[in-house]
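In order of appearance the chains are A, B, C and D, and numbering begins at 1 in each one.
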């Protein structure tokens, strides 16, 4: 394995860079020095990293939607609607799914068809195709920081284009934008590609330009137990820090039990800071992002508002730095700009009501934090061990060995032996632990929690329970009871 | 004063009854013996008291809307929509505001105008005018328990008509349906009139018919501190129990700080049970109702959904037996049946997500419960003292003395010297305590909490702060910061 | 200069007291003399108060939905009582439910009100209009 | 009796894996032999799998919104490959955004699909239709 968790040398980086920029004609538009000058002029209130840092200092939670349409003018209109009408604090540009597979030629078809049909034929903004110029046009036409949100295993060219375009944050990571989003991309390849993206941000950091990076915490969005999500966040944070990233937002997708979710955000923040410090990265600003329910939504819009608002309450009570907003159209399709703004408005209302309020510490919350931390430790220790101290190597091997194993992921590089289910209070537990090296205590804890539900429902623990849980929220419940 | 907290004798009751039934022609329709037979046939699932008892046992929170239109067929259509499309667990019949002032002749005008104009010209269902027959028609056309919700200082005839009509719950009480709803009705008069209503329910109870009674906890819905609301609930529960009521639902309107609100519901339930036991009422089933935000709402419907959902989350986490549902039309006017159903659906979704989840006990929650209980004790002790042990007399005198004093109430019998304001976490505190006999500790606690806000906002505590708080939620915030 | 006088109240069987207290406070703060007859006030009370105090304007609030029935004939009764050019304003949630505002406004203007305000109007808006309307009259 | 065979997959650049796993489980439980080509599957993979296994039906899922582009020409390619009467079903969130369903359905029927399912369809619905359609063919 060539991979190493080591800062890319300038030589290696610039050599790789040539190849990256050649990937599509717009690559030629990226001129690093010119980009540095451009980014230096980004005012604080339009810098993603700074906005997050300020929010963290103030103890408030920012709201960010997801949104992206294929054509530049429509995309600008959309973002401005979300900012002005919706009240979004941070803006996104969701990249379309062809770009995510680096199929820029198909993007062109999508752009052309969208022009022809007069409606969006793609699910996002093809930033690479629009190039630095297109991205700057977007950046210059809005009043808030903007971030690329996607799901791209190899986002190197995308990262080059968007950052040069004035977008001061990039979501993703070598695990989180591979395993839930790809089938046959090796972990080694995606880790390596994301090292490049991180190094690019590190390079900018060395020029005095703060750019934020955000691992995608929810992964498959489907019953991912907190500790598994946190492990990926911690790993991606450590890998990013090694490449010189100074602003990292670790994330987590709502599971639905309030105490577990708050515990997850607290554990996520504490562990990330702790691991970073332990490995010598002392000047990284860690912030957190809480994703409103990422699994199947109810079709009914009023019910969707309920899901959105409860997720927001959890985010606020947890003290997350930002919350990613769903919309009342979630179950059906990409939202109209009105539906998207509606989701933001409900979210902001709840955030405002809860400003400054936190879930107080309690025995229950403490216990959840402890179990999450203990679970994370088992996986992290083994991962370092497998890599003989090298986290990148360890991560590849941990996936091979099923030590890290993400439920419902499409990737062939994911073992797929872990199965989650909800306990009788709706907390997500490990039903089958696959090859995760948990201690007996941890396994027993998970089993006994699930046992309570089994008993209550008078049925055996089985895959059917997991399936019922998958559909439950869509059908208007948290727990998939028979 | 003729008033006494003493069960009405049969003689007194039946004598008063003659006069009551003569108040409007439909009074003649009420035949107690026939009503008993009719009510005996009410199945458990349509009995309000039993539905609440079952929910309490199961530890779930039921959802109940408010709704009422002037014409019987439209009202039935409305209730069925709320039950079937909205998923309401309990049904209401909101009585119009003329009926509340016993102006049954004006109701007739409202009914006629509504028929003529083809749209509702009144804000509720004039049950007395529709009589026992009309009420039964409603009861027989729906599939859930139904309750009268109103705001009537003298609801004696209304109580006679609705209970005989198969409605197994009546909201209100001598304080809670006078002080926020009337200007010149003496406390003595309304307490006495509600004793009649309670005695009627007690009479039915003696015939084996369970009917529920519910003090109106939110009072003016406007920054009422928890302890003041709880005092009225406890008093009305004790008065009702004396008349033989066996099912009492004490209520509270959301203030907005999660911990304070949960503390309020817990204190409300514990104190009511404790006082009832202390005064020898051992067989009363106490349940609780949490009202979603009762003050001014935001006009934007998405924001309204946020308010509704956050209130629901609080109700569930508090473990209230039921929650009263607002609608996205709240700020503007009586909701359409669709808007009303939308509010219920959002509410039910959040209740389902949180089923079984409770806010865990914490130091903060404990402290809030303690302060509420201490405040209640000061007021209750003085009230008993003023009445020389008679709670009814004490209540009248406590209002005279401003010992009980409800902010923003229109009643001339309310001192109006108490002024609330939010502290820096949004909890509602006593800014001016008027003549409430609080201990120095309690006053200091309230002042110091408010002081934190003063300091944070760098402005003196003043009436302007209270005004800002009144408008805050409507403007999208909890606390009215400058 | 003598203060201008405004009769303030909530009409009909309406008990919504909060807006009334705020209007009282704001009008007073703005330099008006407020004659507040409070909630649950029949038309007669408005008129009597206006006659007794020789008021310049009447602020009618109606929140609870019966505004349309309750306000009917108020202008005529004012005229009968000799309050011919008294300013009549109305605000609150003056009809039942969410209705087309232009429509609602027209119905109340037709009833003889000088100014009609939609739900949630800030007190300041009404006060500004009042100051203007009164200054036009001199 | 030999089991009927269904090729199952998620078309195009679409990585939504959960529904796919559930459909696999449910079809298998219902007695079908499932050839699951998984997510991120181009049209060719569906066709090759169907030829190789001599399948009776193809279940195409598209969740991410590009369904309309991704599915274009699938029926024609099936025909070219000699899969003339293979049943073609499609489901998921097959277009971008909330659109009029009748319209959407028509567009996909016109493309040559035998059955078209709206968002959130239960696996059981598709399976019931499949059993019916297959039994009609005998």
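The rule is simple: a contact is a pair of C-beta atoms (placed from the backbone, for glycine too) under 8 Å apart; a residue touches a chain by one contact, two chains touch by 3 or more.
Bear in mind the structure is a predicted one, so any value in this text is a computation, not a measurement.
Enquirer: Skipping chain B entirely, trace which chains still reach each other through touch and list those groups.
Expert: Chain B out, touching clusters read A, D | C.
Enquirer: In terms of touching chains, how many steps apart are chain C and chain D, taking the shortest path?
Expert: When the steps are counted carefully, the minimum from chain C to chain D is 3.
Enquirer: Based only on mean CA positions, could you tell me how far chain A sits from chain B in angstrom?
Expert: One centre to the other, that is 45 Å.
Enquirer: How many Å are there between the centre of chain A and the centre of chain D, using C-alpha atoms for each centre?
Expert: Whole-Å distance between the two chain centres: 30.
Enquirer: Provide the C-alpha centroid distance between chain B and chain D, rounded to the nearest whole angstrom.
Expert: Each chain reduced to its C-alpha mean, chain B and chain D end up 55 Å apart.
Enquirer: When you check chain C against every other chain, which residues touch at least two of them?
Expert: There are none in chain C.
Enquirer: Testing understanding: with touching defined as stated, what is the shape of the graph linking the protein chains, line, ring, star, complete or other?
Expert: Line.
Enquirer: By the touch definition up top, name every chain pair that qualifies.
Expert: The list of touching pairs comes to A-B, A-D, B-C.
Enquirer: Residues of chain D touching chain A in their complex?
Expert: Residues in contact with chain A: 12-15, 17-18, 20-22, 25, 38-40, 64-66, 68-69, 93, 95-99, 119-120.
Enquirer: So in the complex, the part of chain A that touches chain B is made up of which residues?
Expert: Those residues of chain A that touch chain B are 256-259, 298, 300-303, 305-310, 312-313, 317, 341-343, 345-350, 352-357, 359-365, 424-426, 473, 476-479.
Enquirer: Quick one: which bits of chain B touch chain C in the complex? Just the residue numbers, please.
Expert: Touching chain C from chain B are residues 96-98, 100-101, 103, 106, 109-110, 113, 119-123, 151, 180-184, 220, 222, 296, 299, 329, 331-336, 339, 408-410, 463, 467, 470, 474.
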